[in-house]
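One structure coming up, written as structure tokens, with questions to follow.
Labels for the chains are A, B and C, by order of writing; each one numbers its residues from 1.
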């Protein structure tokens, strides 16, 4: 955990999110830093499931939060996997599930948790420093994007070695993410993938040098959280049009664009960019820097 | 611009496409070389939009053209992005749009331009030597394929830094091209991607050494333009079946194959290939060369 | 062919699959090793088509077989391509097709063969040591996954150079596998791709050092074949939900998970894993090894 995350975790004084047994949550400048802390290896226990679900239910309505970073207090494990003790606790599991998700659903409790996170209006980022397997990988795939530490992170769907198939959504999420051929290799082969191979397969957005992971994710989260009001959420909504046929997706993109492009803030940024040198060879070299400095 | 492209641009004497203010077009051996030239940085102005649209409307019916290469006269910029001055020219923009696309449409003018290019019957190739952002990247994604110069090209969706989301189709095109996770990172993160990272994400077909980009694209374009009549267009049509369910896509593939396989030219190429050594270990080593030399 | 495959091919004494002119089949420990052997270059002749189809029809009902590895006896050629002599044998081809696939179908005989293989209940792996083009590549794409030898394997859709488009399914399979942009480059460009580039494009799962290909595939096949009864097939079935909308895919995943998770074998593996050290930092380091050793 570098200074970046450390600072984020301690500089929040008034978080409404400090009632979780297995999570530390701090909100700083539009970013919710959610740190899972359930020793020794962060198994996805009923407690962690309940905390993750209650946090998601609360943050969904928090207009102050634009970006959520999910990370682990344990550098060696993001989430080990679903708590294997559950095999002796199906009744307790059913009770917790009914409490968290009272509405009837064709999905099991792990899938419901993951779908709850996947459909958050905020942009969600998984920071994978250590190992993550099975139900932990499924939660990571329910996030909008994933970055992992080269040489340290490992990701696997290990369920078949326990005599089951993944039950929390991997069989649906993974082929959508990396294609059917590679998804079947991952799921039926049950081998651990390092960060580089996970990137080559498209399982994560990118493998990064371990010492840069914290600062990369912090920078990206801050860039997204610093966008003009409504823009980050509109971007997520627009990209979700991928589930629609192309003409519908284009029309949805146009509608979201039109909602924003005639706002005074857009006009002011565009004219400000022009005044600062956009559309000249020099200004265009680092247009991103130019616009961020406005 | 190497000799390859230079030769292409000057050896045409009778192009019907020489009336554009911002484009130079030359047609050589079935390839239309379209060079955007709108100093200082090739912004996608109403003028460039109009020229690109009028060219597309004309070339669609040109049976002589099998392949279109879109490139820039400016090695540093493919297209900077949509002209930011448009923020003060919405009426003029509406007038141009109504002229170019008189039919009612749920799409805006940028999307209509891109869809017009995307649905051309010819194979379209984008040659990205320099920077391309926002509306320029969206036009590049409406092309069939993209190749970029390592160390020189950069591609970005920068719109969120202007307080908007991409309006020309990126929110629909990009997740289809690189998946939802990476598309949201690109769009909400608004960072410039170099050619290698763009290739790793699948945004471009391939990053190439800058000094090889011209000759690579020229060779590929010539290979495609040299195919037997109707073959390049049938290939594009067949691949577009990806938007259909698999059984429909297979049936469409069979229909296109059957249209061609009983033609005398196919029979002659296949028998010529056999006579030249196909189906022997030696002949199969470079079957491509063997068939191209027939 | 290394010791791995050699052993596999010879240690079977009672295979019911030894009646093929162009295939050697041996079944060892749940894996069917299918070795194509049709000198000089393994063209996909009517004979090979018939053998491959008859094998698929038989193995589909073989509960002993969990994994099928398709490989070539010729290190230089997996399958050259469809027999070009067919251009003079359309009547014979129609006769064979009617025999193999008597039911009316909108698909041609090559597509029907590929769909027959694609829809096998077993997991299928293609081992690409040498060259594979056209109809051979289409069959390889109908397999669940493909691994290729770096520096030796080459894969291409060469059909357009014969005046046709691919007729055996590439125009449907390839854009699903590698996206429309790269698929059109492959099909209309007709260049041979080496293993590394094929991996970067997603055409194959992975390029491997040539000397490791046999052992990598053997290990992966054995891992999959060693899973508890029904698990490998359930994994394949679950991943095929990718063709359904996400909510349906999730519900199908849940149903398959529930079929397995309450079985005594799953309980015993999960409790055995716990007893062996799972959910401790040490046990989690190589959870795969821990679970496989139970």
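For the reader, a short list of remarks on this structure follows.
In this section, a residue touches a chain if its C-beta (ideal position, glycine included) is under 8 Å from a C-beta of that chain, and two chains touch if they have at least 3 such contacts.
Fair warning: this is a prediction, and the values are worked out from it, not measured in the lab.
It takes 120 degrees of rotation, in steps of 5, to superpose the Cα atoms of chain B onto those of chain C. Judged by shared residue numbers over all numbers used at their interface, chain A and chain B contact each other through mostly different positions, with under half in common. Work out the mean CA point of chain A and of chain B, and you get 33 Å between them.
The set of chain A residues that touch two or more partner chains comprises 176.
On chain B, the positions that touch chain C within their shared complex are 123, 144-146, 176-177, 199, 202, 205, 220, 223-224, 227-228, 231-232, 234-236, 238-242, 245-247, 249-254, 256-258, 260-261, 263, 265-271, 273-274, 278-281, 284, 287-288, 291-292.
Remark: chain A residues 40-41, 43, 76-77, 80-81, 83-85, 87, 106-108, 111, 115, 131, 133, 156, 158, 160-167, 169-172, 174-176, 179-185, 187-192, 200, 243 touch chain C in the complex.
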